[in-house]
Structures are given as structure tokens and as C-alpha cells.
Amino acid sequence: MISTIRIQTQDFDLAAEYQLLRQLKASVGAVVTFSGLVRDLEQQQSINSLTLQHYAGMTESLLQGIVDQAEMRWDLIGITVIHRVGKLLPSDQIVFVGVASQHRSDAFEAAQFVMDYLKTKATFWKKVDQNGQQYWVESKSSDQAARDRWSTDD
Amino acid sequence: MISTIRIQTQDFDLAAEYQLLRQLKASVGAVVTFSGLVRDLEQQQSINSLTLQHYAGMTESLLQGIVDQAEMRWDLIGITVIHRVGKLLPSDQIVFVGVASQHRSDAFEAAQFVMDYLKTKATFWKKVDQNGQQYWVESKSSDQAARDRWSTDD
Amino acid sequence: MIKLLFFGRLGDFATGLSTSIDAVDGLTPAAVRDGLAAGHPQLVYELSQPQVLISLNQMIVDWDHPIVDGAELAFLPPVTGG
Amino acid sequence: MIKLLFFGRLGDFATGLSTSIDAVDGLTPAAVRDGLAAGHPQLVYELSQPQVLISLNQMIVDWDHPIVDGAELAFLPPVTGG
């Protein structure tokens, strides 16, 4: 399996990432992509911007670990994970996960698994600016629950 | 929710469909896309082409019914379903499902639901050409099983 | 007049068959199928497979559903799209 | 010398704090946390929350894990990426 992991300030091009995954092998029958975008509201209040901090080095290894787990659990041809850091505005793209496989259930499940683990394990932190007031976003118990679906011994 | 359903012989542009979904509302936080591609092999034999037949009119209503069910079950902002018909070659795109929502689990589950129902309910039939020999593809029990996950009374 | 449509593999067995039949009182999809028996035993065998569905005016119906004049009757093998 | 890193909301409470401390025998993350108590009660409170994790040289470890000279010790509040 071919995996690509990138953490970057610049935007990503979903179309280009999709074409790369699609062309990995002639046996690719399914490509699932997930894009996370900056929503206009946080706690029912409109936001000016979002700033993403991460722990350089550690984040990459954690993401690699998540991708490796996905490779062991499903029959996959390729996974791409891209996460942006720095200052982002509403509607900006934050995160991309793309998975190519022969059969659709592998791609769907692996993409969802990677997102659920990324949300709860990867060392990113979000700060919101609402009219000049900055605060760090709290983690959500729904994200923990989503991750816990995938294992009982985690 | 905004839904788009198209059955067409021409190829589709995943990037354009993604941009439309992404821009539907400022509250879009997640976009999941699924693309189905023609694999090089069918029953371990390489194929020359695939021909997709459908029941015009009925297919569109069936797809609309599937999309309507998804809208009732999840909190969605947009769904796009595109299915190609006619002659396709290995690596060609066959089907696109894109879902936009506020939260990722809705988009993931609705996209997978639409694909599972499309595979078992929508009136499409595939004919394979292997070195000039043509035959109709048999339906797979794994697709029935995938669909049956979503309900007990279906 | 009832319009007949055969999809997927069923179409291969229905080649040369008329694409319509006359409407008669009490007509049902099962009766249409049985009426085709004469010249096409293989088609009747295929149509008798339990996975084959039928639609009348693009709605899935049972084999004993009454058919009215002007209807479109389609024979649908298991679908294989996506 | 031990390098100290505070991420997310913890960084706000650690402003002005030295980014490194001297290595001493038997040092643990818990000892580092307690040693910060003097001038920064709010930070120590934050670091004592059960959701806070620590990493040593970018590996998650327990609060009583021995710290050797040259290590990088990071304090990690619950992550919120994606």
C-alpha cells in the first residue's frame, strides 16, 4: 500500500489528490475522500478565523501509526492524509483523507477510521477567533465515542 | 437539503461536483465523496470493456427514493449522485456519490447508505466484454448483505 | 396494448420477441410470462427465477397484479450497477 | 537540560516560563509539574487535569517515567484537530 502524509500551511487540491489515488493501480475500484472544512459557527457564534497548532514531528508519526493500523485492518491500495496548520478562515479546507481500494467497504471504513483516530489521537489544537476574542476549542466526547467504535481494547 | 441526480453517458468531474457541495452553505463542515471505477479484472480475467444498461425513468425515481431516505435518516446539506451508462473502459469512472453535512459521521454514513442501496435497488445492469466474449455480471450476495445492515424490515 | 421490456440477461433471451402484446381482461405478469412459453422455453425458465422482479409503469409489483391497457411491463433481473 | 513544551491552552498559562530546566537525578514529569508550582498555580492546576497527556521525546509516557538529560518533555491537552 502507498501512503502519503502531509502537514502544511498551504491549501490542498482535492482533485489532484483524487487523481493520484485513482491511478495507483489498475485494480482500484473505489476511492473515498473526506474533506473537513472550517464551519462558519462555533457554539452558535460566527467565527472570524481558526488557528491550528500542532506538535511537529510527533504529529507525523502519530498519523503514520493510524495509517499503518488501517492498512492492517482493511484491504487497501492507497491512503493520503493531509492536515493544514496555521490560520484558516470559514469555508477553508482543514483536512483531507483519501482512500483507494478494490472494494468500496474497505475504502469507506478505512477513511472513517482514520478520521476518528485523527480527531482523538493526532496532536493538533484549534484556537478560535470570535470578534477578536480567542479561545481554544474543547475536545468533544462524541469524537471519543466515534473512535471507541473501532476497538474494545483501546 | 439540495439533491442532484444524473444518469449520463459522459464522464463526470469529481472536482467540480465537490466544489458545488462544499459551497452549498457556510455550515458545511464535511464532504465525503465516493467514486466507483471500472477495475481491470472481473473474475480474475482482464476485461476489454463494460457496458451499462439502465431503465430510463425508473432508475431516476429509484435513486431519488434512496436519496430521500438518506435525507430522513441523517442531518445533511447536499447529496449528489451521478451514474454513467453505455460503454466504459478499465479505469473509467462509473459512479459518483457526494454528501455534504455539518458533521462527518452524517456524510460518511449517508454516502455509504446511498451506495449500498444503489448497488441492490437501482435498475442498472452491467455487461462485461472479455476478449470479445460478452456476459452479464451476476449480482453479489455481499451487496445484499451490505444493504441489509441498514434495516431489519427491508 | 401492453409494452414489454426485458432488461439485462433477460434481453438476450427475448431477442426477436414482439415488444408488445394485446391487452386482455384479467391479464397479470404471470399470465404474460406463461403466454411467452410457446417459442421461448429458455426465456420462461429465466423469468421464473425467484430473483426476477417485475415492474408495471415503473413500479415494482407482484406477479398477480392486474395489468390495464396501455401499461408498460418490465422484467428485471438482479441489478448490478455501481 | 530538559526541553519543555506546552501545547494548546496550556501554552497560554505557561507564557513567560522558561522553555527548559536542568536535568537532575530521578526527575519525572510529575516532579517537573510540581516544580512549576511556585509562580504558576493556574498552570499546575491545568496540568493536573486527568485529560492532560505527556510525551517524552514524542512518545506518550506516564507521569512517573524517568527523564534523562537532553529529553524533550511536552504537555498535551486533549487534541482538537480534523
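A few points about this structure:
Chains here go by letter, A, B, C and D, matching the order in which they are written, and residues are numbered from 1 within each.
The working rule: contacts are C-beta pairs under 8 Å (C-beta built on N, C-alpha and C of every residue); 3 or more make two chains touch, one makes a residue touch a chain.
Keep in mind that what you see is a predicted model, and the values were worked out from it rather than measured.
Counted as hops between touching chains, the shortest connection from chain B to chain D is 2. Summarising the inter-chain layout, the chain whose CA centre lies farthest from the centre of chain A is C. Each chain gets one centre point, the mean of its Cα atoms, and the points for chain A and chain C are 49 Å apart. In terms of their C-alpha centroids, the spacing between chain C and chain D amounts to 74 Å. Chain A and chain D have centres, each the mean of its CA atoms, that are 27 Å apart. Counting partner chains per residue, chain A has residues 36, 104, 115 touching two or more of them. Contact of a single residue of chain D with at least two other chains is seen at positions 82.
In summary, the structure contains touching chain pairs A-B, A-D, B-C.
Chain A contributes residues 36, 52-55, 57-58, 61, 83, 94-95, 115, 118-127, 136-139, 143 to its touches with chain D in the complex. Taken together, the chain B residues at the contact with chain A in this complex read 14-15, 18, 22-23, 26-41, 90-91, 102, 104-105, 107-108, 111-112, 115, 146.
Within the complex formed with chain B, the chain C residues making contact are 5, 7-9, 11-12, 51, 55, 58, 74, 76-82.
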